[in-house]
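In structure tokens below, several structures.
Consider the two complexes below, in which chain A is the common component and chain B and chain C are the respective partners.
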Partner chain A sequence: MTRTVPAPSCHGDAPAAVLGGLPTVALVGSPNSGKSTLFNSLTGRSRTVGNWPGTTVEVGRARWQAGDAELELLDLPGASSLDGESPDEQLTRQLLRDVPDLQRPDLCVVVADAAHLARGLYLVAELREETGRVVVALTMRDVAASRGIEIDVDALGRALGATVVPIDPRQRQVEGLATACREALAAPRPPARSVSPLADDDEFAAAEERLSWVDAATGTAVRAGDGAVRTLSDKVDRWATSPVAGPLLFLAVMWAVFQVTTTVAAPLQNLLGSLFSGPVTSLVQGAFGLVGLRGSALDLFVVNGLVAGVGMLLTFVPLMALVFTLLALLEDSGYMARGAVVTDRLMRRIGLPGKAFLPLVVGFGCNVPAISATRIMGDARHRLMTALLVPFTSCSARLTVYVLLSATFFPDHAGSAVFVLYLMSILVVVGVGLGLRSTLWRSVGGERLVLDLPPYQRPTLHVTVAVAKMRVVAFLREATGLIVATVAAVWALQAVPVRGGASFGHVAPADSLFAAVCRAVAVVFAPLGFGDWHTTGALLTGFVAKEAVISSWAQTYAAADPTAGLAPDQLQSAVSGAFHASSGGATSAAVWAFLVFLLAYTPCVATLGAQRREIGLRWTAFSVALSLGVAYVLALAVFQVGRLL
Partner chain B sequence: MATTEGLQQAARGSRWRLLDGAGSGAERLRLAHSGVRKGAELTVLSRTGGGGGVVAVGTYRLALDRAGLGRLRVEPLG
Partner chain C sequence: MSSPLRAVLDAFAADAHSLAEVQQATGLRADVVESAVEQLVRLGRLDREQVGAGCTTGGCGGCGSSPDAGGSCGSAHSAGSGPVLVALSIRRTA
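Let's look at the complex of A and B:
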């Protein structure tokens, strides 16, 4: 049996495999109930996990070896009920209820948070209205216990008519779930629970009936603690969500992340840079010399293209690993949900609900999943507007360029400079949002904020490492995919001479077709202070992916001296000279203008692909025009004002 | 006992009983899933920017904005 489900995002999840023929088990449950953590724990795959709602917005799919049974496991988007309005909730309903009976999963594992049991069990009430098999996986028992909640698992199972299995996927304690699933799949489908007849359109009466059924089930099996008792999370939240201290804390946390990142990663970066420009380059050149190809077109491509471009990019791996680890720590701890509360007023100003903060924060890691994450919003206009704003969030690929230029031009304040760029990114999002609201979206209004605040929890090493690793791998995938293609294209264009006296592959960079194209485009950037062909070339290749900006620089400058590799300090020196020359001496103004342009213009082709899928071709084209226009105007203003200071 | 239209002015630490669900349609259902149902006891844990607040409902912790708090019809407890 083969089902059609949307393929997971290309940034972070592997492509969906075709696993037809195996019994299908669907993980369902409320947002933030721990489904994705459980999915990772059972399958060894790495879906994005975090301690805040809306982490899963597409269907994950993998093989699960459940003891001696092989099963197909689906990780469905978070849904507290089958009546939700957002696209991810609708997708869950579609896969569980709207499709013909034969195409439904053979078993639903409802992942229920023990500390918020009633919410998790509402879905059980809905599923049990039909004859499908259901197993309840009980998570967060430690949190429930800390709040004085005691659960009689057997009694709860009897009341629900489904097996209840306590698990802790964060600690990889999932024993018992495989057995429960195998037994449930081997047993005949249980009869549907009896439901009092209701008018078909009486949505509230149906909801009340389900809530009452859940109350009855929990009433016999659960001894609840005093919810009014202040927990440690409550005490922290008094400050973390307060009107004054909350935003200050948020800014301080973000500043610390980037300060630590740039300070700690710099020595490792230099070490790797020296490795690529020294021993690796010498080794490759030596190998070409041995086979008599030293100085050939292939030698130049590998040394000046792959080793210089991709090698320079790989020096940023420690930096990316560190920033991803720190952000994963914040997500796993539960702090990010507080960020949504703190920024709600800001979001509301631009006509978006506080929920829009979530995809926008994801955008600071990578714009592609952020575009997909807009699906957590129910209103189509909110989704569209957020999808247009996401490209202005400064993704991690841009961070590599920020760090390089900050270390070059502001060596004593590199961390603060990067932090300022992130603040500017937020300001651009707000500014563009206000602009859109006052023009195209005059009638749009923000949804009211209703946001669950999960308790803070101590981040676990394996969850943090898994998330950071997944993002670093996605970053490297860019380096070995789009970037290699870009490096090859740039190399090919650099190899074509546009003047006489040179042959293919033996042409000075300044006389190549690449330089000619870049020079023609560079005229446009002259008023912005960076009308240099190397810089323009970096921006053109950056349209494919921002990781390519540095590789392009490294490649064009390395080609100027084909006898040696390019150390990071040499690249910095070359870039510095180019900015100085193109700006007429107003170097700092030109650098800031370049950084602002980089911050605001189209992030990468993968983001465009995600936008096309979510908002269509016309709006994607509008987004490109919008980002290029905003980037140009802002950079122009920065340079023209900055040169006067 | 006096009823109050909304919690937008409620002090931190004050406790209330919900007399009627807030809003309509999806929002009402959403709140009901988080335990905000008729008869539920609410505690205002903290105030947030723009007049919003964090409310405890049983073991749930919900952040609501000013408008959301204002739509809860409640009576004071204790």
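Let's look at the complex of A and C:
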């Protein structure tokens, strides 16, 4: 048997020189089909690896002593089709189909994973369209058997018109392959399978024909266990993704996350709060006393600004770490993917484009990447509509405020209160989405989405820790960057007096420029039950970032008593008093109204920046107006109805 | 009776939410559905997106986790080897 191979490269990176005109056997198969494991098993790892001449694609090559025959074995790049466009697939196509017949390998061994049989056999369908010799090496039969898949190897071989050899290269059980290859090489080339003529450029029809051929060929030879053997993932998914039990289970899981978070983290949060309001404050004040700056503007900025504001925010680190860890556990176990099915079902039911749920899910972590993620949507109107909806998804920054107020006003049900806020966030997204659909986007169709769910797995410590750590670090970076800048700005505004008799840095907070501005704006919030200047100040700084709501509160209340730091319970007491006074006694209604406003209004400047990048300045302005309008109307309704109850 | 490729495409256009539901709707074996999806993606009939639920991967702009902001998001260390959700949708022609 003679053959010609493409001219070997004169460069060192060629896949070795021609091996003396030996019959050539090419191993082909989908990526990860076990091809390279088989190659190593057959050749004892004596492979030469190099780029194929003229390409950057690696090809393995070695001698294979197949019984009494010496063969040249090529490990071609993984390809799921000869029509693929990746460099790997192009080279495989070139060597198996595009070169003249005499330059092709004498035999193709298609490595097919028995647990994913049709994938491997698609290549067989393509190869059998011509007269080349084909042997099928069937791997992973044990995995297929564990899934209830039984394969009649002889029947499959007859249907394919090629010898099928079960092997297990992982256990070096490859004996039958050498015999099958020798016999195939000794036999005349088999006739090509009959294919109805198709238009040359009709790739869909060609793929349709090939897959139909594979389905028919495997139909009699493969028994898939009529569903009797189900994996654990299948069993759990019957409940986790069902239309009724799925959403209930998802809600129960999320409720448990918030319940555990608020209960477990509370003592740690109090401990950190005491640390900042006690020893840290005393230490800083002592240090300023030592250098003779006690009571100076710098002292007040550091103690009442940085230590009180940023310190208060840092007390949330244990809580954020816990919630991030629990969510990472759910993600790593594969459960969050089931949550995506539940969300997608909801989106589809209300007629919103299915792809919109992808950025919206990301939005519950952080709105900024969620806005960027709208790029995956091909339709510009879908992209715009989703970018307008993302700010209504409750990002993790808002969680800190939810927890502070829930722990203050509903101490026995803080977890449930936070859970209700997340539910409300979903309802607001749905409501605004439906509103936009019925007004501005009437012609937007519901784009269908099908999810390929990963199997469940035992969460791994290193992945969970790495993901949680990454998010905690991001939270800390925000607290020590943007929030410090905001604290400085608020401090500067609080240091400017608007009445006579005071100087810069030595003014009562209520007489400062900050308070004057906030008091002017607070009138707008009076009908909502929170027309207090401290509360308004927190909302105004919340435009920068939602974490700034906490720091702003801590800062303005701490400045009122410059002689001491502010412990968490003192802050809670001060905030509670403000809500009570501004609501005329309907405190709970005002708190819920505030929380709803916080949930719905503009998330942060970074989100606005992302929106400007993605949808332009005009639509960003519309988004701000939309979120403020929705937040105001909802909060008004909550307070006015709530105070009557 | 329609071909496996056509049947899978029709199931995508109908009410299937997951590949398991596509399998139920078409009566095809899981591996045939899987192969059909692979070919439909290759042919440009389906779009395939990797979903990071709650994660801040992808075009992160001002996000504190992004590498631009000094974070480790997207690195091999941060990504770990968790399960990956893949969303498939029918590609709309312009």
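Just so it is clear, the second predicted complex is superposed on the first by the 410 of 645 C-alpha atoms of A that agree within 3 Å, B and C clash if a C-alpha of one lies under 4 Å from a C-alpha of the other, contacts with A are read in each partner's own complex, and residues count from 1 in each chain.
Here is the rule we go by: a contact is a pair of C-beta atoms (placed from the backbone, for glycine too) under 8 Å apart; a residue touches a chain by one contact, two chains touch by 3 or more.
All values reported here derive from a predicted model rather than from experimental measurement.
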After superposition on the shared chain, which partner residues are touched by A:575: those of chain B (first), chain C (second), both, or neither?
neither
For A:207, decide between first (touching chain B), second (touching chain C), both and neither.
both
Mind working out whether A:83 is in touch with chain B, chain C, both or neither, as first, second, both or neither?
both
For A:361, decide between first (touching chain B), second (touching chain C), both and neither.
second
Partner chain in contact with A:371 - chain B first, chain C second, else both or neither
second
Mind telling me which of the two, chain B or chain C, contacts the most residues of chain A?
C
Could you tell me if A:247 is touching chain B, chain C, both of them or neither one (first, second, both, neither)?
first
When the two structures are overlaid on chain A, which partner does A:110 contact: first (chain B), second (chain C), both, or neither?
neither
Considering each complex separately, which residues of chain A are in contact with chain B in the first and with chain C in the second?
80-81, 83-85, 115-116, 118-119, 122, 203-204, 207-208, 211, 224, 234, 237, 241, 340-341, 344-345, 348, 354, 378, 448-455
Which residues of chain B touch chain A in their complex?
12, 15, 23, 26-35, 37, 41, 43, 45-50, 52, 54, 56-65, 67-68
What residues of chain A sit close enough to touch chain B in their complex?
30, 80-81, 83-85, 115-116, 118-119, 122, 144, 147, 149, 203-204, 207-208, 211, 224-225, 227-228, 230, 233-234, 237-238, 241-243, 246-247, 340-342, 344-345, 348, 354, 378, 448-455
For the complex, which residues does chain A have touching chain C?
80-81, 83-85, 115-119, 121-122, 203-204, 207-209, 211-212, 214-215, 218, 222, 224, 234, 237, 241, 327, 331-334, 336-337, 339-341, 344-345, 348, 354-355, 358, 361-362, 364-366, 368-369, 371-373, 375-376, 378-379, 447-457, 460, 462-463, 466-467, 470-471, 473-475, 477-478, 481, 606, 609-610, 613
The chain C residues in contact with chain A across the complex are 3-6, 11-14, 16-22, 28-32, 34-39, 42-43, 45, 47, 49, 51-66, 69-73, 77-78, 80-92
